[in-house]
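Naming follows writing order (A, B, C and D), and every chain is counted from residue 1.
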Amino acid sequence: MTIVPPADPALVAELVTGNRILYDQKIVDAFGHLSVRHDKDPTKYLMSRHLAPGLVTPDDLVTFDLDSVPVVDIGKRYYSERFIHGEIYKARPEVVAVVHCHAPQLIPFGATKVPLRPIYHMSGFLGAGVPIFEIRDTGGITDMLVRTPVLGRALAASLGDKPVILMRGHGATMVGNSIKHVVYRAVYAALNAALQMEALRLGEPMFLSEEEAVLAAQRNDNALDRAWNMWQREALGAN
Amino acid sequence: MTIVPPADPALVAELVTGNRILYDQKIVDAFGHLSVRHDKDPTKYLMSRHLAPGLVTPDDLVTFDLDSVPVVDIGKRYYSERFIHGEIYKARPEVVAVVHCHAPQLIPFGATKVPLRPIYHMSGFLGAGVPIFEIRDTGGITDMLVRTPVLGRALAASLGDKPVILMRGHGATMVGNSIKHVVYRAVYAALNAALQMEALRLGEPMFLSEEEAVLAAQRNDNALDRAWNMWQREALGAN
Amino acid sequence: MTIVPPADPALVAELVTGNRILYDQKIVDAFGHLSVRHDKDPTKYLMSRHLAPGLVTPDDLVTFDLDSVPVVDIGKRYYSERFIHGEIYKARPEVVAVVHCHAPQLIPFGATKVPLRPIYHMSGFLGAGVPIFEIRDTGGITDMLVRTPVLGRALAASLGDKPVILMRGHGATMVGNSIKHVVYRAVYAALNAALQMEALRLGEPMFLSEEEAVLAAQRNDNALDRAWNMWQREALGAN
Amino acid sequence: MTIVPPADPALVAELVTGNRILYDQKIVDAFGHLSVRHDKDPTKYLMSRHLAPGLVTPDDLVTFDLDSVPVVDIGKRYYSERFIHGEIYKARPEVVAVVHCHAPQLIPFGATKVPLRPIYHMSGFLGAGVPIFEIRDTGGITDMLVRTPVLGRALAASLGDKPVILMRGHGATMVGNSIKHVVYRAVYAALNAALQMEALRLGEPMFLSEEEAVLAAQRNDNALDRAWNMWQREALGAN
């Protein structure tokens, strides 16, 4: 039996808070999930059992290996799409946290060919380009869910080295180098989608240039705590 | 006098919770209603007396026969449109719960010819097609309400074997094989309408194929509790 | 000095509640007002002093004559647009309550020529037609406010026998035969505007016919309490 | 060492409240800032240290000179864009308060060429015209932030004598002759943007004429307390 050292309690707390923030910020509803790579063992990741993110507590967290098999089977149901997380952690060693969501603002961009582009500095990270995952290319006719390692690998391949991928008829997945980072990206990817949708009504928007986007993204990565602290208070009611 | 055994208290509680969830999720406002077929007598159904769904308590529930006559007249006002429920239960023996609502996102689709179609897996159940009920075809010029058995039967006929029907100039009606099922369908039918509306701005969206929709709907029917538990906490404040 | 008998305390309470509901339902923000004709003296009406509707208490209510002069000057500031109310009460003896608001959904319809029409039964009262008040026709270049008896009379004349009027570059005014009636009309006029706006994206919506609108309006006027009771609980937190 | 007399405690309280209102009214999220010119020394201004506006307390306020250097360095991080404030206070001696924000409704207008114009009397102050700041003209390729005195001066120059400026790919900045004034302008600039966006769907809206806008703006500047008192209660929960 594999022995995995316990994760840092601060990381566990952050993962729970991240779940609550994603719900409070309406990035996830009862569906969607957030995971983090294990801080003591990069071949493992932590994620809730099958549960609405808004209800997750520390007791609901499960440690998975990168094949998305629970290290200790707690005899409960798991997210059927956990392969999104495991396969991305395999393909992207630098990725520390992953969000999968059905944020309403992102669905229309996943269903059409209009590229999601950074309309302001808060979402400069979109400047790298946002691919769309077409599950049919790998899975043919499916129930749209990434429920197998093969589909997870195909998603990770479509994601490539990008921070965000849209999934046709389904949702989106984001990665980051910390929980705070990926939560920031999820919130502002969705907000950018809403703003771009509105701007398109007025004509062809002027997006950030590639270089502006890179610089803006670097800058905002230094201000994650400012957002996190606010979101945390909203989500948890702490003061 | 007809003797009807009391319904399962758990079913009664679920019906009250379902009313509160529909209000909290903005599927109904002060208008609209939710009913469930009686668990001990399939020729009866339970529904609130004339009352805003957000205010319904167990004491407000009334048992109706399938002609929508209260088994015991409690001397209060009933929903004038209860025939929607009774006539659908007659026509669709497998249906266990019915929602009638004026969800804002659905009204535009009932007033135009653009078909409501599943833009993502959460609303695969729309893949079966969403008919529109034109009350004029049966009732001529009316106050738009389904206030008679004849109109209720016409609605049930238009619904056919589908899960959702739009009603021109009025609202929508959904059916399901449980309260949780029909509440899920109501929430995601409305959300799909909003997402489809947005996607249409960007061009012709790629909807789920018929087969994808069937498979997605089957899959999601296995995750109703995940949504219900979240919605219940939001609506009732329980933890 | 004029002696006016005190208004029914129930009416006073309803006026306060109506103010709170209009705020809670986002029909008014810090601006806008609700008045009611005095139940003991039809040549008087009650309205708050200059105050955000969401902050109104019974102590803030003032009795005005139909020239919009306070019966007893309490030495505080009054709404500069109280002439909207007084002049409508003069011109429309059957009107019992008046709302003036800047509901966001209604502003676009007041700034363009697209007529507001009833897209569903809840707003059948719009079937009578919704005129637009152009203040320039009477006042020339103004600050847009109905701050004189002359402008109030012009507004009342434009309103004619209709329930709702839009005001270009300003807002809207509704009348009703009770506080509950006018609050209902304000809420559903705004909601109809939002729904019509969305439906227009999909093509030419099928509106209620004139006769359907009349019948639907009559019907809904019998269900005002159902809405009021829900809104009251939302606004006041009572149970 | 410079000795600056302490600001009026009422001003300090108002600055904190203004921060909370801007957050509660969704003009700022975790980003954006509000400053006020020092009431005892016009060559100084007060603003929070680097912190989400919704979390600002009196202890977080810092006094800056007009070069945006803290009078006393408290050893914490400051907003990198404080030069927006300092340079505007330099260029506009009559300005007492400044808001910088990323209000979602304003972003689309900053990314396209459609001018923001006053659609109703509440936003008459927009009638003066709303310039757009293009940071590339001064800074070339940047991270979009106004992080230097040079960029601050360029922004102030683009603002000229206007009350509001949009910033391409970034946000907006408003000025006023008091905290209440600039908060009012921020709220209604954003609301106007939303209403104009909707009205544009219906055709070419009729905006306020230049003279109507001037008169309406003067009038509304007399009703700032009515809005502020309501917003304050919403933001602080006081009664």
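Methods note: contacts are C-beta pairs under 8 Å (C-beta built on N, C-alpha and C of every residue); 3 or more make two chains touch, one makes a residue touch a chain.
Just so it is clear, the structure is predicted and the values come from calculations on it, not from any experiment.
Considering the contact criterion stated above, no chain is in touch with subunit B and with subunit C alike. Comparing the residue numbers each copy contributes, subunit A and subunit B share less than half of them at their mutual interface.
For the pair subunit A and subunit C, the distance between C-alpha centroids works out to 46 Å.
If you average the Cα atoms of subunit A and of subunit D, the two centres end up 33 Å apart.
Each of the following residues of subunit B touches two or more other chains: 201.
Touching chain pairs in this entry, ordered by label, are A-B, A-D, B-C, C-D.
By the touch rule above, subunit A contacts subunit D in their complex via residues 118-122, 124, 191, 194-195, 198-199, 201-209, 211-212, 215-216, 218-219, 223, 226-227, 229-231, 233. Residues of subunit C that touch subunit D in their complex: 23, 29-31, 50-52, 54-55, 80, 102, 104-105, 107-114, 141-145, 168-171, 197, 200-201.
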